[in-house]
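Heads up, there are several structures right after this.
Next, two complexes with chain A in common: one pairs it with chain B, the other with chain C.
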Partner chain A sequence: MTDQVQKIVEIADDELVLGWRNSEWTGIAPLLEEDVAFSSIAQNEIGHARALYELAARELGTTADELAFDRQPDEYRCSRLVQLRLVPDWARTIARHCIYERADQARIEALKRSDDAELAGLAAKIDREEAYHRMHAEMWFDRLEDEQRFKAALEELEPLFDVRDEHIPEFAELWEEMTMVRRSVAGATW
Partner chain B sequence: MIYEVFRQERKGQAFAHAGSVEAPNEEFAEAYAREQYGRRGESTALWVVPRQAVHEIDDFADELQKNYHRVDGYPLKEKLGRARELAAKSPGGLSAGAG
Partner chain C sequence: MAEDSKHPTGQPRRTHGQSPRVLTAGTASGALSEAQVWDALAEIPDPEIPVISLVDLGVIRSVDVSKDHVRVKFTPTFLGCPALEVMRDAMAARISALGADPQIEVVSDDSWSTDRITPEGREKLRAGGFAPPAPREIGGPKLVQLQSNAFRCPYCGSNDTALENIFGPTPCRSVRYCRSCRQPFEQFKTI
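Right, the complex of A and B next:
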């Protein structure tokens, strides 16, 4: 696996797992409007994961489904940050959202400058949706930045984005849930 | 805070009331309105207005049922029809046109 494909899979893993985690708020977010907004962000993240897996799958001679759901838990390259199950803690959820969107912006920017035109094009497309996520994150940041719980959450979670070689038990549970369909119905597609 | 949202389906069309969103401030209201009423390409533009900014008027005095104030007080269609018949009957008279 080239470094570039590895990087794409890494981002896709982050987006898939974070999309899954954010969707755990669907139906129970603090406000109906926020429920819709946050679920929509979750849906976008999973869409980004799919597009990135498809690109990587072509390079690797496999399929997006196999990459997303047929690997063992320890083969995923997702960040420790996105593995955490944060429901029902909204302060930590928003702290993660802010940290993630900032970090994600930097690497998507780098992909936009890629020599690979297809990858650069996909990154630009993803970035247009991420711009909305960033706006949403900043809006919440402005609202919560003076709250002690939020500040503590930022401090706690900030260092976790770059940790990629650890898989916490919560992730294994999520993996069980995420891959259940693929494991019970052979050949089920996304 | 409740914000009322109006949406325009196509450029040039009138804005119509779409619904409302609850939000702590204008910024959130705009984001939520975007999400509820603009995300699926169903709108070309939105107006997001705090509910207090909307002035409702619902007291219309019409004590004496003056129906001649209303457009339906004049059966214009019938009048026009009669005028056209008259015009057709009088050679060299006013032409009411073909409409």
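Right, the complex of A and C next:
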């Protein structure tokens, strides 16, 4: 696997897992608006994961489904930040959202400048959608920035984005859930 | 690109010759033209906003008619939009109904923006109660714009509207509230 393909898979893993985690707020967010927002963000992130896996799969001679759902837990390259199950902690959820969107923006900007036109084009398309995630994170940051719980959550979670080597037990549980359909129905596709 | 020609609805249409010529697919009923394919695709409604067609939405990049098949390239609106597969299948079915072999290709590049929605499409959205997207500005949309009152209510035309939620019932929509006619409405996001 080339460095570039590995990077694409890494981003796709982040988006897939975060999309899954965000969807855990569906139906139980503290405000109806946030129920809609987190569900919609989850849908976007999983869409980005799929498009990125498809790009990587063409290079690797496999499929997006196999990359997303047929690997073993320790083969995923997702950040520890996205692995955490944060429901029902809203302060930490918003802190993760703010940290993630900022870090994601930086790497998407780098991909937009890639020599690979296909990758650069996909990154630019993803960025159009991510702009709305960033606005949402910005809106919540403005609301919570003086709150002690929120500040503590930022401090706790900030270092986790770059931790990718060792997965936490919560990820194994999520993996069971994410891959259940694929493991129980032969040939199930995205 | 010099080889691009425009369909009457404003969509780019690609032909492979230097001069206009009739391209045909091997159909039971005889020659099939690109214009016929565009007309057929213009009858397919968007699966989630059926007031607007796929041609109005600007997602169809090109139509190529050759001897053996009709190739359509199209771009997703939002990458996570579940309507993608529905659109693809609807186009394939419509082209099959014309007696041709469809080849539908999804192009996940950056060529689609809400600026590609046709003027007719924007009017259909407004009439259907969806405020059409604002034109995309350099640097993309900003929170401060969304929180301004620069968006018009599709029901009463007032600009006295407020952002209720950046997100809405589908990825492509935000929710706003009109203080003038006291009606919530859906605002197509600018991307």
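We adopt the following convention: the second predicted complex is superposed on the first by the 190 of 190 C-alpha atoms of A that agree within 3 Å, B and C clash if a C-alpha of one lies under 4 Å from a C-alpha of the other, contacts with A are read in each partner's own complex, and residues count from 1 in each chain.
Note that in this section a residue touches a chain if its C-beta (ideal position, glycine included) is under 8 Å from a C-beta of that chain, and two chains touch if they have at least 3 such contacts.
Since this is a predicted model, take the numbers as computed values, not measurements.
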Based on the superposed arrangement around chain A, label chain B with chain C as either clash or fit.
clash
Of the partners chain B and chain C, which touch A:124 in the superposed model: first, second, both, neither?
second
Applying the touch criterion given at the start, work out whether A:50 contacts chain B, chain C, both or neither, answering first, second, both or neither.
second
Is A:9 touching anything from chain B or chain C once the two structures are fitted on A? First, second, both or neither.
neither
In the overlay, answer first, second, both or neither for which of chain B and chain C A:143 touches.
first
Could you look at A:135 and tell me whether it touches chain B, chain C, both or neither (first, second, both, neither)?
both
Scan A:36 for contacts with chain B and chain C and give back first, second, both or neither.
both
Looking at A:64, would you say it contacts chain B, chain C, both, or neither? Reply first, second, both or neither.
neither
With the two complexes superposed on chain A, say which partner A:82 touches: chain B (first), chain C (second), both, or neither.
neither
Give the label of whichever partner, chain B or chain C, reaches more residues of chain A.
C
Indicate the residue numbers of chain A shared between its chain B interface and its chain C interface, in ascending order.
33, 36-37, 40, 132, 135-136, 139
Interface with chain C, chain A side, in the complex: residues 33, 36-37, 39-41, 43-48, 50-51, 54-55, 118, 121-122, 124-126, 128-129, 131-132, 135-136, 138-139
Residue numbers of chain C touching chain A in their complex, please.
78-81, 108-113, 140-143, 146, 164-171, 175, 189, 191
Which residues of chain A touch chain B in the complex?
31-34, 36-37, 40, 132, 135-136, 139, 142-143
What part of chain B is in contact with chain A in the complex they form?
21-25, 27-28, 31-32, 34-36, 39
